[in-house]
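In what comes next, chain A is part of two complexes: it sits with chain B in the first one and with chain C in the second one.
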Partner chain A sequence: MAELVQYVATGLLVGGVYALMSIGLALIFGVMRVVNFAQGDFMMLGMYLTYFYAISGRVDPLLGALLSIPPFFVLGWLVHRGILARVTGGDPARQHDAQLIVTLGLSLVITNATTMILTPTPRGIPTSYATQAFAVGPVLLNQARSYAFAMALVLAAAVYLFLTRTDVGKALRAAADDPEAAGYQGIDVRAMHALAFGTGIALVAAAGGLLATYYPIEPTVAGNFIVLMFVAVVLGGLGSIPGAFVGGLVIGLVQSLTLLVLPFQLQNTGVFIAFLLVLYLRPQGLFGRRLRAV
Partner chain B sequence: MRSLARMLAVSLALLLAVGSVYVRPAPAADDVKIALVAPLSGRWARQGQLKKMGADMAIEEINAQGGIKALGGAKLVLREADAGDSVEKAVSAAQRVLTREKISAGIGSWLSSFTLGVTEVAERLQVPWLSLSYADSITERGFKYTFQTSPVSSLQAEQALELVTDLAKKNKRPIKKAAIVGDNTAASMFFYKPLREKLLAAKGIELVVDDVWTPPLADATAIVQKLRSAQPDIVFYGATNFPDSIQVLQKVKEFGVKSPIQGVGAWLVTPEYVKTVGKETLDNIQTVVATHPMKGQEELVKKFVQRTGEPFMTQDPLCTYGHVWLIKEAIEQAKSADPKAIRDALAKIDLQSGPAANSFYPPRIKFDERGRRIGAIPLIVQWQGGEPFTVVPTAVATRPVASHK
Partner chain C sequence: MPSRSRGWLAVGAVLAAGLVLAFLIDERYHHRVLTLVFLWATMGLAWNIISGYAGQISFGHQVFFGIGAYVTVLLVVKAGLTPWIGMGVAVAAAVLAAVLIGLPTFRLAGIYFGLATLAYPLIFRIVMDWLGYQEVAIPMKRDDPGWFMQFTEPRSFVLLALGVLGATLVLSRAIETSRLGYRLRAIRENEQAAEAMGVNAFRGKMAAYMLSATPAAVAGAVYIHAILFIVTPDAVFGLLVISQTLVVCMVGGTGTLWGPLIGAALMVPVSEILDSTVGDRLPGIQGVVYGAALVVITLYAPEGLYWRVRHALRARADRAAAVGRPPILAPADEDGARPGAGPVLLEVRGVSKAFLGLQALSEVSFEVREREILGVIGPNGAGKTTLFNVLNGFLGPEAGEVRLLGEAVTGLRPSECCRRGMGRTFQVVRTFPRFTVLENVMVGGFVRERRVGRVRELALAALAQVGMAERADALPGGLTTLELRLMELARCLATSPRVVLLDEPLAGLSADGVDVMIAMIRRVRNAGITVVIIEHTMQALLRLADRLVVLDQGRRLAEGPPGEVTRQPAVIEAYLGKRWLARAGSPS
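Right after this comes the complex of A and B.
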């Protein structure tokens, strides 16, 4: 029984950071209908910024993760203005292809430029809490993961409140639901897209910062997470913020519990079986609305 | 449409700008070109970078000493190609570099799975190829152009087990229970296989944990929990992907697991481990490697450290350094830059001194008909105070072995 509780706790802690990574992606898709393949690479850049904060300014990476939000919001805004705004709007079918190519290209450029500039040498932020645990009865909760989980929860709640309780948040959702009607209401849809992209990038960079408290940083780290992010977003319902959050948690949980019944080599098999089941039984995802039938 | 075209043009310009960094001045006509196909991007880029450091150092030394004497002082030139992060990319990199211009010999590609693919290309194009990869299958295919300087994985397993059981006996802590923990990359799998199938049983050792994963590992809690409850006397450890390995070591510390860790490969002794998990966690962890700086190589290590800024030298640069020198010796003996002549020279070579031979243990380079170095045995390297030292065999050890607390 204690073993089961340990697996559940570990799964939820791992899932917390997946959840934060995924809500940025969900926000961008929900508002702009852009599938951002470079999302993982912005997370990697967030890890590096937190690392440099920690090394040069002795900033604790948990604080560093928060401090990476403003610069990455600006970066996201600029990337939207400079690159993505040119391939959004207009004929949806054609723009869709262009967006895929642009974000994929962006991902390649970021990974390889980082490899060239910062070298492929992995780096890590040595923190005391990465190797310590809170003991709750027989169950051990890793401290770094617990802090990261708590902060992920707070940031996700903040995004949810922002979207549901503020005028700007409501405008953002209006732009997501029906850009044309939102435009007639005087909402600047282009600015809303930039806001969504900036927020989405800032969130994933913060998730990267939290991840950096216990996970090594290297230019290719995105590859270890990007597929899981997409699975979380689709699992939760494309574009749904609470859905992506729950999707992330579910992935962590399933990954952990799979090990109770399957060998390690099949660790992600459970995730993809759960994914297929959800797609089969509820094609719109756990929290999604049925937008179109295929 | 116009904006898309403009964007494509900008991307193209960017790519060309990035690409131009790699453009090198054309070599003189009589230069001898050797290829290094190693991962320079992707998950294993660090290992490729380390290999390149070793190759560059050897080439600089050879050229500074007058180049290849048999060819009138011809200079050696390195042509590197990025093996990337998949076998397909490694194969196409080898194909590209070997067909674009005349390459006399090649080196690569670190990961056994890559080497298996790359050596097929080299065999087809008849270019002699030197590899440090461990997998047995590399030299089990009847290839004529592949030369493996490392002891193969199955042999390493046998010798490593022999060495650790001896050591345990000396410390009066005989090994009764063992664990196998690691990923399923080729070299690791060839190491575990004989342990599982016969070696452990032959020594009366029980295998209490056997967990193998496909990288990346999501979380190491479950594995380390098993180690904590089974308390093996030795953990055979093969987590070649750095983030996976860091997660396991962090958990080992967190859960207070005291079982000695015996790694499989040089990935466990790179400098970044110290910065990420701290030297206390690493203390006494040991690993079996194909080569590592040995007694008498202090000058070489000093030179390497000064050149590169790395805190110490490890298998990857040392092995590649040795390979470049070996190619140089083969060209001297062949008196030709022709790949076939160099292959024949390598097949006959018997070096017992010089920078090439001294980069390996025992210091003799002679290949059998399969292309395996005759008599190759692995070294055991142990972390002590944040630096990895050769501890076994004692004849070439740079530090005495420290026992586990």
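Right after this comes the complex of A and C.
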């Protein structure tokens, strides 16, 4: 029993960071209808920025994660302006393939360029709390993961408040629901897309920074996470922000609980099987609405 | 057919050129590059079958490449089986995998399908790691190298790869020029329209997936023997395999066998040269080049080089050949006596359908008799289109039954309804946008006939029947609304239907257009085909229909000859309004 509680607690802690990553992806999909393959690579870049903050400026990675938000917002905005704006805003059915392929290309460029420049050697940020744990009764909570979890919750709540309480947030949601009608209401849909993409990238970079407190940093790290994010977002219903958040937590749980029944190497098969099951049984996700069939 | 034999000739020419190149080149390294070009072209062609022709973008096609590699190598290692036979086993395994993956995954459409395919190679990667196959080397067989595909002469691998490419080109060409090819492209262009025209989309996709798994598995097997000698999960199931495949296809162009060929010939040598010159100093250079190629090509030539060049050439030819085309002549009105209605052809009994609490149809019953024109009218939201969707199988009803010629067709796929004689047009014309008018109509023709040449004649005849023969080579994008509706009617007629369901065929037409269309619908009936027609405008239906069924809020309000139906107070109240009553009441 204590073992089970331990696995659930570990799963939830990890899931909090997955949730933050997935919110970024869900925001981009929800507003722009773009599935961003390169999301994991921006996360990887976020890990590196936090690493360099820590190494060169002795900035604590938890603060470093926050400090990576502004530069990555700008980066996301630029990538949207330069690349994605050219393959969005038309007929989504015809543009989906182009978007997937563009972002896949971006992902390849980022991963491999990072390998070229920073070498494939894994790096880590030494922190005092990475190896410490809080003891809650018999359950041990890794300190780094607990801090990361708490920060992820705060950021996710901030995003939620931004979307529901501010005018810009409301405009963003309007642009997501019906771009054409939003356009007639004087909302600059293109600017909303840029805002969504910038925010989505900034969030995933921050999640990367939090992850860097306990996960090795290397150029190919994206591959381990991008599918987890897809799963979380599909699980939550493509484009739903609260759904993606819950989806991220669920993925953490599934990953952790898989260890109870399967060997360590097969940890992610549980996640993939959950992914396929959700796609087959409930493609609209746990929170999404079913799209029109014919 | 000259263009057909020209295509085969071109395939032959490519293979001959490959052969000449293989013997002209002498250096080992160049042979390696040439082998890679052939293998990636093969892999691209494999992907092109499911994603290019059938339009189901797969991000996990390396799963078959990896199965081909692993099965062949493990058979050598564990059982000492020659890869020449092992490849056959590998292909069987890949096709089986395609079936197992396809069965659940083709229930998903569009983006969901692509995302799901992503997961399969990842699962294989993890499982191979777990099984302890992180690195499997091909054991050296010095006594019998040829029997174990271990040639010392690199040219042998070039020829082997060329052979594989040749077979894949022949397969692709055979698909392109066959009924299957037309059907796959129709699924890509508009799945619903294809289904309504008798194309079983699920079966078509499955066939394409199985066919596309085959060359991918062979390419994987040969790749390991010719290039890698050691198989690792990352090398065959990894993201770089699918990226390379996508690059080759996207750069060259999809939906044609020339695309992957052009893409491979351009991109593989570039990346190999980069890799061999600066690869050890810049380890990720290949990935950067491929990624950049994907981005640049999607932004600036998303259709790929082959189509880019072809359209440019076409446009020039079109401008040269532009001549005034005669307008469609309104055919003589062949009204005459309305033929007596025959026996019951289509029977609708107690059909109900709800969407999330909205009762779109409740217990609708009526009959359609042979050779009559039955009009279905009702205000917006009365359930008219839903009724059609239930009749031809797009929707399954919660209750009730539809019988065609005495046989229940409820719950059958639209394609099966079409095969049994139910044709259908759509409220908003659903074209196959990249097909010519003739090809659009041909898709319908394949329901009764397999031979392409025969179907072309059949489709031309159907076009002539609606006065559209002149426009056979135009693309739907350049047609007027009337022409689009006539094309859709011709496509429907090409399926040799017993009954056609026409969903607002007069919508958006000018007064002249309405006359042409009405005359055309009469012609269809006079040719012995039963017509069920949805219309908004009472005036047109009064001229056309033998009987009317009036729907309101999902219920059948009235049924009978137009004169009787329009006099019923319930109909007038629900649909026609008081003014009609005043007019109908006054003597005219």
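The criterion applied here is as follows: the second predicted complex is superposed on the first by the 277 of 294 C-alpha atoms of A that agree within 3 Å, B and C clash if a C-alpha of one lies under 4 Å from a C-alpha of the other, contacts with A are read in each partner's own complex, and residues count from 1 in each chain.
FYI, contacts are C-beta pairs under 8 Å (C-beta built on N, C-alpha and C of every residue); 3 or more make two chains touch, one makes a residue touch a chain.
Remember, predicted model here, so these are calculated numbers, not experimental data.
After overlaying the two complexes on the shared chain, residue contacts for A:Val227 are found with chain C alone; chain B is out of touch. Touch criterion met: A:His96 reaches chain C, while chain B stays clear of it.
Of the two partner chains, chain B and chain C are each touched by A:Met116. When the shared chain is aligned, chain B and chain C each come close enough to touch A:Pro263.
In the superposition on chain A, A:Asn142 makes contact with chain B only, not with chain C.
Once chain A of one complex is fitted onto chain A of the other, the partner contacts of A:Arg86 extend to both chain B and chain C. Once the two complexes are overlaid on the shared chain, A:Leu276 sits against chain C while remaining clear of chain B. In the superposition on chain A, contact of A:Ser107 is made with chain C only, not with chain B.
By the touch criterion stated above, A:Thr213 is placed in contact with neither chain B nor chain C. Comparing the two interfaces of chain A, the one with chain B and the one with chain C have residues 83, 86-87, 98, 102, 105, 109, 111-113, 115-116, 120, 219, 223, 263, 265, 268 in common. The part of chain C that touches chain A in the complex is made up of residues 57, 59, 104-105, 107-108, 110-112, 114-116, 118-119, 122-123, 126-127, 129-130, 192, 239, 243, 246, 250, 282-288, 290-295, 298-299, 302, 389, 394-395. Residues of chain A touching chain B in their complex: 3, 6-7, 10, 14, 83, 86-87, 98, 102, 105, 109, 111-113, 115-116, 119-124, 126, 130-133, 140, 142, 214-216, 218-221, 223-224, 252, 255-256, 259, 263-265, 267-268.
Across the complex, chain B meets chain A through its residues 3-4, 7, 11, 14, 18, 21, 40-43, 45-46, 48-49, 85, 184, 211-214, 216-219, 221-223, 225, 242-243, 246-247, 250-251, 253-255, 272, 275-278, 281. Chain contact summary for the complex, chain A toward chain C: residues 35, 83, 86-87, 93, 96-98, 100-102, 104-116, 120, 219, 223, 227, 230, 234, 238, 263, 265-266, 268-269, 272-273, 275-276, 279-280, 283, 294.
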